[in-house]
Structure formats: structure tokens, C-alpha cells
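Note that subunit A is present in both complexes that follow, paired respectively with subunit B and with subunit C.
Right, the complex of A and B next:
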């Protein structure tokens, strides 16, 4: 399992510090999955980068704790983190992961050498494990002898899923937009496979996506991220039914559906704020249809609405979905 | 009513590059094969399919960016294949395109005014002042403030604003027909509705027709009048949005619909396990979808189905539907 407390990460830019991740707190138990949704630039991927400690040169983790299976990992020396935590405890799958396969080695060669780097197994055993892993994502074991260019995008991404979910048996998987580069039908298939694996293993999965529908079908908990902060967090059905942050409400009304009645889709006016100089008070206030003077003056508190549901809004207790109206242009 | 665009058995074949390394060199690939369609005035036709099914090629054929291998396109009754020189240039002002990625399709060194007014320079003889007036008018028509934007550069705009700029650039020559190739797939959900609503407004208020190309059936549903489902270069289903989405007749349409994740944690969709297609699966003369079809029957292997009406507003190319209908 993974527990994150008050994680704050900033980037240094020429104009000042970009406050990309601010006080992010969450926990994901074994067998559980958390979905993080938000617009581009909300800081979703920065969370993943910080958790894996693969910051670019200008990135700094300001504060926070990350506990993986009870062990604090942010304060570990870099070399220990690399040897003991990254891939062994926290594995990852990114949008471009499928392009991370080396074109000059067979898929099997790559899987086996990664496995042997992290686990002390013989070549024969490693091969067996690799065969079993690709088998569980419905690939024939013969693909271990193929080169990456012989596989389709969906097959490569499934190889990466086998690698990150199964092969090294980590505790936590970070999936950052794992299917965004895939075509609709392939995406559907890859997601179903991920969901199946999530259910079968005792992993904690953090699934990051801009696609609200994907998160709603895949995860147990969800966090809505806006301007570097979690603005709403909770059990997925609770957030879906009783969402109380105006941003969440707008986001859910903006998602096209094939089955719901075709009311006009909602637009959230304006653009996300600059993360170098975020607005005083609530970061969403400039775009919020319910913003009151207090929203532009004081930072909203975290309001606990239920055991596992909180919202960062001054009016969290009074807001009902039906009362929030965004323009439909 | 007179159709604005009428395409008749359009075909576009591409030749594989000749190379000693390529085992398929010289083979012809049908990107678009025997596609017929009409688009009425003030109508949005949605064109849905997987990547590589020929959607974009069809869009290019209708705008004469590509020329068909066989078949013809009539625009307002005139065959666009025969146009040349000045007539061709005159035709081009009536059709425009909007592209997927607003970050790539605007020149970073041009101000918004320069970008938007460039088509005017090419197609009309206007003074500088007239061009500026038209530019401002078109910007306000798309809900943008001309005074703020006119001197800005694309890097100062958000994705949604950029895409609106490319729409402004498309409508400035007062076209009758616009091909919109995945206009919202690069944008955040919170601003997609703005673009979709803008396209719908342009249809309703200015009677512009659109070909809306997308892989996402769910967004198509909100603005399209009719839907065409394309598979490997052919239309497999064509009908009003209502008909196609409530009574999908082709197995491929059903599969596409089931693959769209529904924004509801409790929704259990029907699930199909679709095979990936392999080269050896292509059987000449068979239905193109035969190798992957979950409902295939014997006849599908021998005879390629053609688009057949099942109601006046709904046609489908599938033996299952048409033979069932013919049974007493």
C-alpha cells in the first residue's frame, strides 16, 4: 500500500517557482485503486514524477512523506531508492511506455534482463515468469521472441502492463495516461485487462488520466486535481453522486455520454490559473459560478463530508449539483 | 432538396512504396473504397471509425486535397474533379478544413490577425481596413474578443482559444462546407463543449455544412445530424444519429459503442472481445469485417455485403440485418 502526506513539489522557472503539486494527501490500500483526474497542467503527472523521484533538474520536493508498505521513501538516499524502491516496490506505466521498448532487443530479452536485475532468479526461471506474465495479458508466449516493431501499439502497451503489474510483483503501480495513445477499441481492451489484473493481485494502483469516464469505470477512489491541489477526494460512487466542489460538478457535466439524455454539454469558462502566481484564496474562484468575496480572500478549508470524502471549498456543505450552473455558450 | 456535396462510389488507392525490403511493394491499398454519400445544406455528418480506416482520406477527397482513383464528387451539382485554374481557386473558398491539433496548425510567428486574415488575402481583393473589419467580425462571431486577441500570438492562447482561432480562420471566407478532422480530441473536457456548441451554432445560424471526423462516438452524438460508421475504407452503417445509436444494426457499430467508457461507476457495459486483425485474415471477396465479427455466418465469407436500407433513414452493410428483414 502507499500513503502520501502533504506532498509539495515545485519547479524553478525563469519567472519564479511553479507550484505544481501542493499538499497532496492520499492513501491507497492493497487491492485498491485511486484515480486522479484533472485538466492538462493541473499537476497530475508531477505527482507521479515526485512519487518516483524522477524529477527534472529544476524540480524540488518541498515537503511531504511517502510511505510504501509503511516505509518512508522520500528521505532515502538516491541509490537506495533506485535499488530497493523504484520498480521493486513502485512500478510505472506511462503513455509513451510502449516506445520505451528497445528496438534492437527481443521483447523476451528485455523482460528477462529487467526481472533479473531486480530479483535473484535464474535465466530459465525468468523466462518462465515472463511467459506467465504475458500470458495473463492474453499475449502468446511466442511474442517473447518478437522485436518491438513487430507488435502493434496495443500489444506493446500490454507487454508494458505485464512488466509493471506482474513481472516484478511491486506493491504500487503508477499508471499515468496508460491508454491515451491508443485507439478506442484497443484502449477498451487494455483497460479491461488492467481492471482484471487490479482485481486479481494485491496491488495498489494510482491511475492518472484526463478522461473522467475512464477513471469512473476503473477506480475505487478518485481525486480531482485543480491547479496543483486535490479539490475533492473520496470513494468513487460518493464523489460521483454527491460531488460538492463546483469544479467536480462542472467536470462531470462536461463529459459526453452515449446513454445519458443529450442535454447540452457544459463548458467551464476561463482557463486554469498560473501556477507561478496562483490566485489568493480559492484557486478555482476566478472560474467558479458560485464564488463569493470570501473565496477570493481566504484559502478554503478541507471540509470532511463523510468518512472517506472531503472537499476543499468554503461552501462544501451547502452546494448541490443542481444549483451549479455553468454556461453552455 | 439539393445536396451540397454528393460523392458517388469514391475510391482512393495508395500504392505501397516500391522497395526491395518491403514484401508488399507495389500492392494497392484501398484507403477509401466505393463510398457514396450526400451532405445537405446545414447538416453535420459524423464520420466515425478507428484510426487507419480512411476517415481523413475521405475528408481530403471531398475537399480536393486528394484526388480519387475512381468516382466523383459533386459540389453544388458541379464535378470538382474537372475544375482547374481560376475555377478551382474559386471553389476552394467554399470549402475549408479544421485540424486536430491547434498547437500545430497555427503559425507561431503570425499574429492572430495575420493568421485569420490570410485566407482573405488569397481569395478576395480587399483593402487592409476591410480585411481587419471582416477579421474582427468573424472573431466576435465565434465568441472571441477581437480587441484583446488581434495582436496576440498563438503561444499566448489556451488550447480551446487556439482551436476557436482555427475555426475563425475556416469561416472567414464564408464557406458552405467545412471538414472538421477531430477538432476536439486534443482539448480538455472542460472546453470541448465550447467548440462543439460553436460548430452547432455555425450550422444553425449560418447554414454551414460539416463533415465531423472523429473516433469518439460519444461527442459525435451531441452535434451530428447523421452518422456514418467506417471500417477499412467502407461505410458499414449510415443513418440519423437517433437511428444508429438507439438501433445499431452493424456488429461493428455495437462494438464501437460498447468500447466507449460510460461516465458512471455502476454502469456495466456489454463486452465484446474483439480480435486483432492479422494480414493472413484478409479473405478476398468476403465481408471486410468477417475476420473479427462476433456474429458472422457462412455467407459473410463468400459475399461482400452492400449498403442496404433497413428504414428510409438507415442503411447498413451486413447480411444478418438484410436477410433477417427479408424473412416473412
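Right, the complex of A and C next:
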């Protein structure tokens, strides 16, 4: 399981500090999965980068705690973190995962060397484990002798899933838009496979996506990220039915539904604010149809609507979905 | 027969006719160099038949001391290979490691190594070699080391550029995330992926290293204990009016070797760089 408390990470830019991740708090239990949604530049990937401590040189973790299986990992020395946490405890599926395999080595070589990096096993055992792992994602063990360019995008993605979910069996898997480079049919297959594996093992999965429907089908909890902070967080059904942040409402209304009566899809006008100088008060206020003067003056408090549901909005208790009107296409 | 023909056609398609011929020439020259001691006449044996024109007995004539020129050319191939391969290996090893480290680590490491590369880059190669020879004597090993030591910056620059772009790739980030150490990423991911242009440039370097050594020998700065093409050209200089074959044949060997190496290197850089080869196809 993973618990994140008040994680704040900023990038230094020439114009000032880019406040990419602010006070992000969440926890994911064993077998559970959390989906983080938000538009591009909301700071979703920065959360993943901060959790794995693969910050670029200008990135700084300002504060926060990350507990993996109860162990604080942000304060660990770099070499311990590398040997004990990376991939052993937290693994990751990348945004363009098909490029995450080194083109000059066979798939098998890469699986085996990662396994042998973290577990003291012989080459033969490692090969057996690698075969078992790719078998679980419905790939023939002969692909271990193939080079990455000989596989299709979907196959590579499944190799990556085997690599991150099965090979070392970490506690946490971060999936950063794992299907964004795949077509819908392959995406469906890959997602199903991930969901199956997620149910079978003791993993916590943090699923990052800009696709609300992916999150809705894949996850147990959902966090909506806007301008570097979580604006709504809760159990997936609760958020879906009783969402109370205008941004979440806009996002959900922008997704076409198969069963509901035909409605015009909405768009949220405007663009996300600059993270170097975020607006005073509520970060969403400039684009919010319900914004009142208070929204532009004071930072909204976290309003707890239920045990497992909170919203960062001044009017969280009063907002109903029907009252929020965005423009339509 | 048919199979051999097909193999040849495939190779010719891959390499192009010119580089295929170059490869064949280089293979023959290498074999000749390796096995020369077993079939040539003693290249040091002096006889009374000085300045003999090419005959059946001496296909390339004899020199001022009556030594067989062809034997000396063949044995000289060994010097050429030794100098070429030695200097190119040294240069690419140094260049790859230093350039890879500079590009991969970035920051002050990059600053420092880049300045070092630039310092070596502006050194006039020939004068440095002359300095080395006059300091350490005309020893072929020092010549090889000196050529390697002044030519690595080119390889280092290539490798640095490769490392700069490769370290941003997803698979290098994935390697970091999977717990690989810095040196492991550099040596197992960055260098194998970025080595191709360095190999091509080193192939070109083999040719130029041989030329540099020949130039040194021509100036009389070569190792006197070793038969080198440049030295032979120098020796034949005095007899140029009445026995031109003394300089002609070693010069021909030198030109053929250097040209074949350049053609091959050029072709290699195209083959190893898919973007370039697409354009030429």
C-alpha cells in the first residue's frame, strides 16, 4: 500500500518556481486502485516522477511524506532508494511504454537483467520467471528472444505490464497513461489485462490518465487534479454520482454516455492557469461559471462531504450537477 | 555456386559495389599482412641486385640494398593495420567513455569534460606527434598512442551528442526507475545505443591514422626498426628518376588502403544511420 501526505513538488524555471504539485494527499490500499485525472499540465505525471524520485535537475520536493508499506521513502538516501524501492516496491508503466524497452537488447535479456538486479536468482531461474510473467499476459515465451522492434505496440505494452506487475511483484504500480499510444481495441485488451492482474495480486495501482472513462472503468478511487492540486477525491461511485466540484462536473459532462439520453457534450472554456503565478483564491475560479467574489480572494477549504469524499470548493455543499452550465461545442 | 552468387548480390545491395570491393580489398590486405611472414622473402635480406626493375622474381623490383619491395610492402601492411586499428581503438574507447560521461552526467562534469575535449581538439595533430617523437624517440607504440590521444575528441563529441539525446529516451528513464545504477545505464544503455556513428567515424580514422603514420615516416620520424609504407616512399625518393617503383608501389598500397577504408567508413555511417540510408535508397 502507499500513503502520500502533503506532497509538494516545484520546478525551478527562469521566470520563477513552477508549482506543479501542491499538497497532494492520498492513500491506496492493497488490491485497491486510484485514478488521477486532469488535463495536460495539471501535474499528474509530476506526481509519479516525485514518487519515484526521478526528478529533473530543476525539480525539488518541497515537503511531504510517502509511505510505502508503512516505510517513509522520500527521506531514504539515494542509493538505498535505488536498490530497495525502485521496481522492488514501486514500479512504473510509462506514458509511451513501447519505448521503454531498450532497442539493442532482446526482451528476454531485459526482463532477466531487471530480475537479477533485484533478486538473487540464477540465469535459468530468471528465464523461467520471465517466461511465466509473459505467459500471464498471453504472450508466447518465444518473444523473449525477440528484439523490441519485432513486436507490435500492444505486445510491447503487455511486456511492460508483465515487467511492472509480475516480474518483481512490487507493492505499488504507477501507470502513467499506459494506453495513450494505443488504438482503442488494443487499449481495451491492455486495460482488461491490467485489471485482471490487479485483482489477482496484492498490488496498489495508481493510474494516471486524462481519459475519465478509463479511470471510471479501472479504478476504485478517483482524484481530480487541477493546476497542481487535487480538487476532488473520493470513492469512484461517490465521485461519479455526487461530484461537487464544478471542474469535475465539467469533466464528467464532457464524456459521451452510451445509455443516458442524448445531450450536448460540454466544454470547459479557457485554459489552465500559469503554475508560476497561480490565481489568488481558487485556482479554478477564472474558468468557473459559479465563481463568486470569495473564490477570487480566499483559498477554498477542503470540504468533507462523506467519509471517503472531499472537495476543494467554497460551495461544495450547495452545488448540484444540474446547476453548473458550461458552454457546449 | 548459385548460393554464393546470391550472397554476393545481397552483400552488394547492402554495401554498394564500391564498398563491397573495398571490403574485399581490405580483407585481402589483412590476410596478406597476417600471413606475410610465411610466404614472402625475407624483407630484410640484402642482395647484390640493387634497383632491379619489376621482374617475375621480384614483382615490385628491389631497392637500394637489393631487398624485395613486394615483401616489404606486404610486411608493411602489418604496420598499417597495427597503427590504424590501434589508434582507432584507443581513440574510440577514450572518446566513447569521456563523451558518454559528459553527455550523460551533464552539469559541471559536462562543462569540465567539454573544455578538455575542446583543448585537445585545437591541438595541431602533426606538431604534437613530432613533439612526442622527439621526446620519447621514434617508437611505433608511442606513435599509436599519440595518434589515439589527439583524435579522440571527435569521437567524444559524437558520443556526447548521442548521450544527450539518448538520456531523455523512455528506455533510459525506465532503466532509472527499475533501479539501474548510473554506470549501468551509461555502459549498457547509452553507449550500445549511441555507438554506431562512433564506429563509422573510427573506420574513417583507421585510414587517416595510417596516413598520419606514413607522413611521419616520410619525414624520417617513423620507427626505424619497422617497415612502413611511408618509410619506403621516403627511401625511394632518392631513386625517383631511375627507379620510380620504389616509391610507386608502397604509395599505391597506401592509397588503396586509405581509400578502401574511407569508402567503407562512409558507407558504414550510412548503413548505421537509418535516416541517411533512407534518403539514399
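Some notes on this structure:
The rule is short, and it goes like this: the second predicted complex is superposed on the first by the 324 of 329 C-alpha atoms of A that agree within 3 Å, B and C clash if a C-alpha of one lies under 4 Å from a C-alpha of the other, contacts with A are read in each partner's own complex, and residues count from 1 in each chain.
We take it that a residue touches a chain if its C-beta (ideal position, glycine included) is under 8 Å from a C-beta of that chain, and two chains touch if they have at least 3 such contacts.
As the structure is a computational prediction, the values presented were derived from the model and not from experiment.
Aligning the two structures on subunit A places subunit B and subunit C side by side, free of any clash. In the superposed model, A:104 lies in contact with subunit C only, and not with subunit B. Within the superposed three-chain model, A:255 lies in touch with subunit B and out of touch with subunit C [touch as defined at top]. In the superposition on chain A, A:39 makes contact with subunit B only, while subunit C stays out of contact range.
In the superposed model, A:114 makes contact with subunit C only, not with subunit B. Shared-chain residue A:217: touches subunit B; no touch with subunit C. Remark: in the superposition on chain A the angle formed at subunit A by the CA centres of subunit B and subunit C amounts to 80 degrees, rounded in steps of 10.
Legend: residue contacts after superposition of the two complexes on their common chain; A:87 is shown touching subunit C, with no touch to subunit B.
Touched residues of subunit A, counted separately for subunit B and subunit C, are more numerous for B. Looking at the shared chain after the overlay, A:15 reaches neither subunit B nor subunit C. The overlay of the two complexes leaves subunit B and subunit C separated by a minimum Cα distance of 6 Å. Subunit A uses no single residue to touch subunit B in one structure and subunit C in the other.
On the subunit B side of its complex with subunit A, the touching residues are 50-51, 143, 158-160, 188-194, 196-198, 215-219, 221-222, 245, 255-267, 271, 273-274, 276.
Remark: subunit A residues 39-40, 152, 154-155, 183-185, 187-189, 191-192, 210-214, 216-217, 236-237, 240, 250-252, 254-260, 262, 264-268, 271, 328-329 touch subunit B in the complex. Those residues of subunit A that touch subunit C in the complex are listed here as 52, 54, 57, 82-83, 85-88, 91-92, 94-97, 99-105, 113-114, 117-118, 163. Of all the residues in subunit C, the ones that touch subunit A in their complex are 106-107, 169-171, 173-181, 188-189, 192-193.
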